[in-house]
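Chains here go by letter, A, B, C and D, matching the order in which they are written, and residues are numbered from 1 within each.
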Amino acid sequence: MNPLTICLLISALLFATGFAGAVTRRHAILVLVGIELMLNAANLNLIAFWRFGPHPEALTGFIFVLFSMALAAAEAAVGLSLVIAIYRHQQTSNLDEVRELKG
Amino acid sequence: MSTLLIITAVVTLFAAVAAMSLRNLVHCALMLAVSFSGVAALYLQLNAEFVAFTEILVYVGAVAILIVMAILLTRSGESPEKSVLTAGWYAGVAVTAMVFTTLGWAILSSSALPQTVAPAPVVSVKNIGDTLMGRYVLPLEIVGLVLTAAMIGAVLIAFKAEPRDKNQKS
Amino acid sequence: MNGIVQFLWLIPVLPLLAAGIIAVNKQPQRRLAATLAIGSMALGFLLSLGAFSATLAPHEGAGPFRAVDGFNWIQFGGPDHWLQLGWVLDPLTAIMLVMVTFVGLLIFIFSVGYMAQDQNFMRFFCFLALFAAGMLGVVIANNLFLFFVSWEIVGLTSYLLIGFWFHKPSAAAAAKKAFITTRIGDLGLLLGMVWLYAQTGTLNFYDHGKGCLEAGACMQMATQVTLGGLAVSTMIGLLIFLGAVGKSGQVPLHVWLPDAMEGPTPVSALIHAATMVAAGVFLVARVYPLMAAGAPPLETGVPVTTALTVVTWVGAITAIFAASIAVAQYDIKRILAYSTVSQLGFMMIGIGVGGVAVGMFHLITHAFFKALLFLGSGSVIHGCHEEQDVRKMGGLRKYMPVTFVVYAIGMLALAGFPLFFSGFWSKDEILHHAHNWSGSPIPFYLGCAAALLTAFYMTRQVALVFYGKYRGGAGDHAPAHAHAEAPAHGRQPSAHDHDLDPDHNHGHGHGTPHESPAVMTVPLMILAAFAILLGFIGTPAWPWFDGYLTGEAASFDLGKLFTSGTVFVLLLSSVIAFTGLTLGWILYGQRQRQNAGEKDVLEAAQPTLFKLLHNKYYIDEIYELTVIRFNAFAAWLCDFLDQWIFGGAVLLVSYAAIGGAWVCRRTDEYLINGGFDAACALLRELGGGSSKLHTGRVQTYLRVIGVALVLLILFLIWGRKA
Amino acid sequence: MFEQLNRFFAPVDQIFVTTLHWLVGFLPAAWRPVASSMLCIAFILMVFPALFSIVTIFERKGIGRIQNRYGPNRVGIPGTKIRLAGFGQFLPDGLKMLTKEDIVPRAADKLVHFLAPVVLLIPVLLTYAVLPFGRNMALADYDAGLLFFFAVGGAVEVSVFMAGWSSRNKYSLLGAMRAIAQMLSYEIPLILSSVTVVMIVGSLNLTRIVEAQAGHTFGLANWFVFTPWGLLGYLIFFIASLAESNRSPFDLPEAESEIIAGYFTEYSGFKFALFFLGEYLGMFAIISLGITLFLGGWTAPFACLDFIPSYLWFLTKMLGIVFIFIWIRATLPRLRMDQLMNFAWKFMLPLALLNVLVAGLWHYLAIGPLRWIACATIIIVAYVALGRGLMRHQKLGQRTYRYAD
């Protein structure tokens, strides 16, 4: 069990928890939290491969994680504002009720 | 090194599971912050120092606060509802199980993983700066653009709609 | 000198103008029409005399007097391509002008009396004037094109005049027959004209050296050899001769001339005796240089070419053929018609063997005495109340003494009574040249036989008509209105016979024949005088006529009469004449026929031969069987083809199109539309089904993504392994 | 003549470092790094709380003096009559804090309420790891030291929120929201102004930044503050740091007059003391960062004064700025929330961005008067224009009240 597989397993576990939360929790914000966790898992994976990969000096994984973090932040911002907008529109953020497809 | 790694991993995973399963949303958010710092710690152990600090700055500093703000704005902090899970959560769990088994199986069975443990790469901030500004200057600009757009978009979407005519009390 | 030539065109234009005015005129002013027609002919006659005197005057240059004038009419093709119309004045033209105008004038005067009772007096004179214009146009034409145009006008007017009493079916049929047969001949003339133009590039006869009849062009054409080894000039000459055959009624195309007697008698006289039929001979005379082109060196003074030999042979055959038929005819006008055909044959022989002068001399003399005979028969018919069958006449001497005398003179001239009558001299010339002809002696023998027969049937006719007792008015007056017109067809009197026909309303007047009025007898006397005097201008002793035409001076020398060649022929022809006359008198003069129904003498002797001759060798029936039948068959064939083959094909195509359209519609409607509808329905179903997938529950989407992720990973791993 | 002085005082300068090495020498090699960091941590934990206590008294006497009164002058050395002009006041204060009853509101979220002060102290103390107090006296000299400082500094807001929210008190929640809003909006100018320094130095490592400011021109140390963009940068940094540490004109969160004590109203006793300590340690950290970035860290202002030990310079500069903080707290009135926000977003942020531009320009222009003139004019023009922009809407119109519906 070299450290790389350990890290991969950890990120897989993290990804699984994030996915489980996103898929089962009723509340909209928790779905977003789940997504954030999944993103983190992915970043962790990247850094693991960067660290244990053949060419760490190329910094590709490293830079990739930086960009993904920036995008994750942007995504979180937009997602949460959407949730807020939905809440104001329908007075609930319970995903089971937010099913209206009409505009 | 692997024992410290495992400890932080356990802490992070525990925090993540807590974040997903707690009834009170604010607690979830806080546990999320904890899991983010756990991940940062993992990064430190993987010698990705800069990424760890960024992780703290971005996730713990900003995203956690953002989520907490969102929770407060949607007034869902106080009232824990009846059932935490959506209807048909069992399907979700099944899919998660499927996903996890596949991932696990993929990791364990894959032969392409590099077996040798490479020496810790020394990463200097100048080095990062050069690559960012050198090979990845275009993505950097684009990320800048995306962030601005996201900021403006978020504000617009979440903006409280102006009352149409002034005299109508909102 | 050529002053008169410039006004030569006036001669045909005057009658044309007269015809136009008469035609346009609405009210039937008979006096105006008559004066106009006769006036224009008189003026034409004076101008012709002027022209004649111009040709007589001494002129510079060798050869006969010739003056040409003309103008460019139509421009076609390039700038220098002009269709020129022009007229020429030379001895040939001058003679014909004088003859046509003089005879025409006399006949116009005669027909004023003859047609007095007719309702369509105006129309008759309009056609006559038009005919005169056409005939004069033919005579003066220096251009084959103008010649052809006038030639067609003449053909048209002959149709109109023959069918003048168009209410009579036989007249209409005869007119149509005449027109069609002459058209066949004209086809040859047209082809000849076109070919001539192609060869020489110009249709002018005489054009200061460039004309097609001038030496240069003729030699050029003579040298070129066409298919069958014949020279081009010969071929063109024969084609043009075909036109002449049609118009002058030579053997193959002569059938229309006897039937043309349906027209009023002056018409027959003018057109079918003197002028029109002569036009064919005039054409051959005019085109003589072309026909004679390429002849071997002249040792006998008369060129012998294939074209001229053909002309001679056709003439000879026609002469003997027509003469034999004339013997067995009963209708007075029909006998004269066949005699005209035979005499035209003689003219053709004349030109063929003796050149232009001989042929023309006989033409001129024949014009006078044949006109005389026709007008005489006209006054006889007029007198006998429109009776034309010689078997119902007889003994008219007593009733019409003037007509008898004049008719006798004409008969003697035609028969060729020696020394005094013109017929003798002109026929002698022809026989003399035929005798010396280097071609072959047969035409000479045929000529003699024809002359004998001519003399025989003329005496038969005179005997039957003027001697014995009057057989008309008693016998077969079967139906009240029966007017015995043209007994040959046994025509039933048509029920709607209205009284337009002058002969008819005269019939039931008074029974006995009577002498014609002065307006009819005076022209007869003038003609009789000329019938006698004209002969002397062409006698061998003083061949003025021949010299005039060829341009040399002619000296009076009785000695020439007695040279060996001429004396023999003179004696021979007078012997022939006498035998013909005596035979005729013996058979018909002494044993007078008692009544109309009696069998003819010859018929008694040779019934089959007589029947054959009487029925004109059944030529009409033969034509009926061959040409007409073939024509009918061709028409039927075309109709059949058109209706069944082409019609069928069109029908087939249309059915195919309709069928194709039907198939297209069916496929379009069921196959394509149906197919599309089914496809659309399927799509709609699919759409409906897939829309159910979108529940709007975000989590379901995430789950689907999860499953997709799993599948992707599995696919990647297994993909690599496989 | 100065070299001998320097050489004489050099050991004094490095006294702490040598003692550290001397102490660590006793331990086996494997343990050395851990031991040395442990020792440094212990040293920091001793020095700065002590400094905290002195500064509290210093502040109360300063404000008193400014408000024309004495300030605490009764308590000297306890148990004795010596008054020490009141500088012993921190002992009874501390004692009071510890012995006070620790009240926890019934509706409060017990765990979060308890954890709030702890979560506050952890990041603040972490920031001290990176600061260079003296020549090679920085605990953890990270390559991305500055980034570490800001990253950890950013985590403070979480604790503020925890405090505010967990006490289930409208005022505390309102105070927490205000504090977070203020800290967030002032964090951006703070970081942007420090970015200019990083741009010029080319490294995030704080010691390297201090070394970049070594050396003297015309006798004066070439600190960054003596350059046009440096001055503007430090001005922005100074104001932002005031706001970051919730002090003086920006102390809306615990504005006594409106929302009692802001997010730590429901705290009393030891937890309140911890909040108080946390706040002051935060202030010292942000001030020391300001010193390292703009005021040349532990370098001497004049060449001749080089011999004085580096940590002393660091200490004197820090005390000077703390005095200015106290001075501002005593004099400037408190800003309204919207004024505060306006000031941050419409004045500070544009200036900071412009400053980055000017620094860039400064970097590329050749050394000489032209560089000075160009940068100075740009900054002055921008300052005046933005100033005018801020004032344009301030029509001192009649005050209007909006009542909650």
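Definition applied: contacts are C-beta pairs under 8 Å (C-beta built on N, C-alpha and C of every residue); 3 or more make two chains touch, one makes a residue touch a chain.
All values reported here derive from a predicted model rather than from experimental measurement.
Every chain gets a centre from its CA atoms, and the centre nearest the mean of all protein CA atoms is that of A. For the pairs A-C and B-D, the larger set of C-beta contacts lies at B-D. Among the remaining chains, D is positioned farthest from subunit C, on the basis of C-alpha centroids. Taking each chain's centre as the mean of its C-alpha atoms, subunit A lies 119 Å from subunit C. Each chain gets one centre point, the mean of its Cα atoms, and the points for subunit A and subunit D are 35 Å apart. Per-chain CA centroids place subunit C at a distance of 143 Å from subunit D. Separating the centre of subunit B from that of subunit D, both taken as means of CA atoms, is a distance of 30 Å. Residue positions of subunit A touching 2 or more other chains: 19, 23-24, 28, 95-96. Shown for subunit B are the residues that touch two or more other chains, namely 50, 54, 62, 69, 86, 92, 95-96, 99, 103. Shown for subunit D are the residues in touch with two or more other chains, of which there are none.
Taken together, the chains touch in the following pairs: A-B, A-C, B-C, B-D. Against subunit B, the residues of subunit D that register as touching in their complex are 109, 112, 142-144, 147-148, 150-152, 154-155, 157-158, 161-162, 165, 177, 180, 184, 202-205, 405.
Here subunit A touches subunit C in the complex through residues 19, 22-24, 28, 31, 95-96, 98-101, going by the rule given at the top. Subunit B contributes residues 1-2, 5-6, 9, 12-13, 16-17, 19-21, 25, 28-29, 32, 35-36, 39, 42-43, 46-48, 50-51, 54-55, 58-59, 62-63, 66-67, 69-71, 73-76, 81, 83-87, 89, 92-93, 95-96, 99-100, 103-104, 107-108, 113-115, 117-118, 120-121, 123, 127-128, 131-132, 136, 139, 143, 146-147, 149-151, 153-155, 157-158, 160-161 to its touches with subunit A in the complex. Listing the residues of subunit B that touch subunit C in their complex gives 86, 91-92, 95-96, 98-99, 102-103, 106, 109-110. Taken together, the subunit B residues at the contact with subunit D in this complex read 24, 26-27, 30, 33, 37, 49-50, 53-54, 56-57, 60-62, 64-65, 68-69, 72, 77, 124-126, 169.
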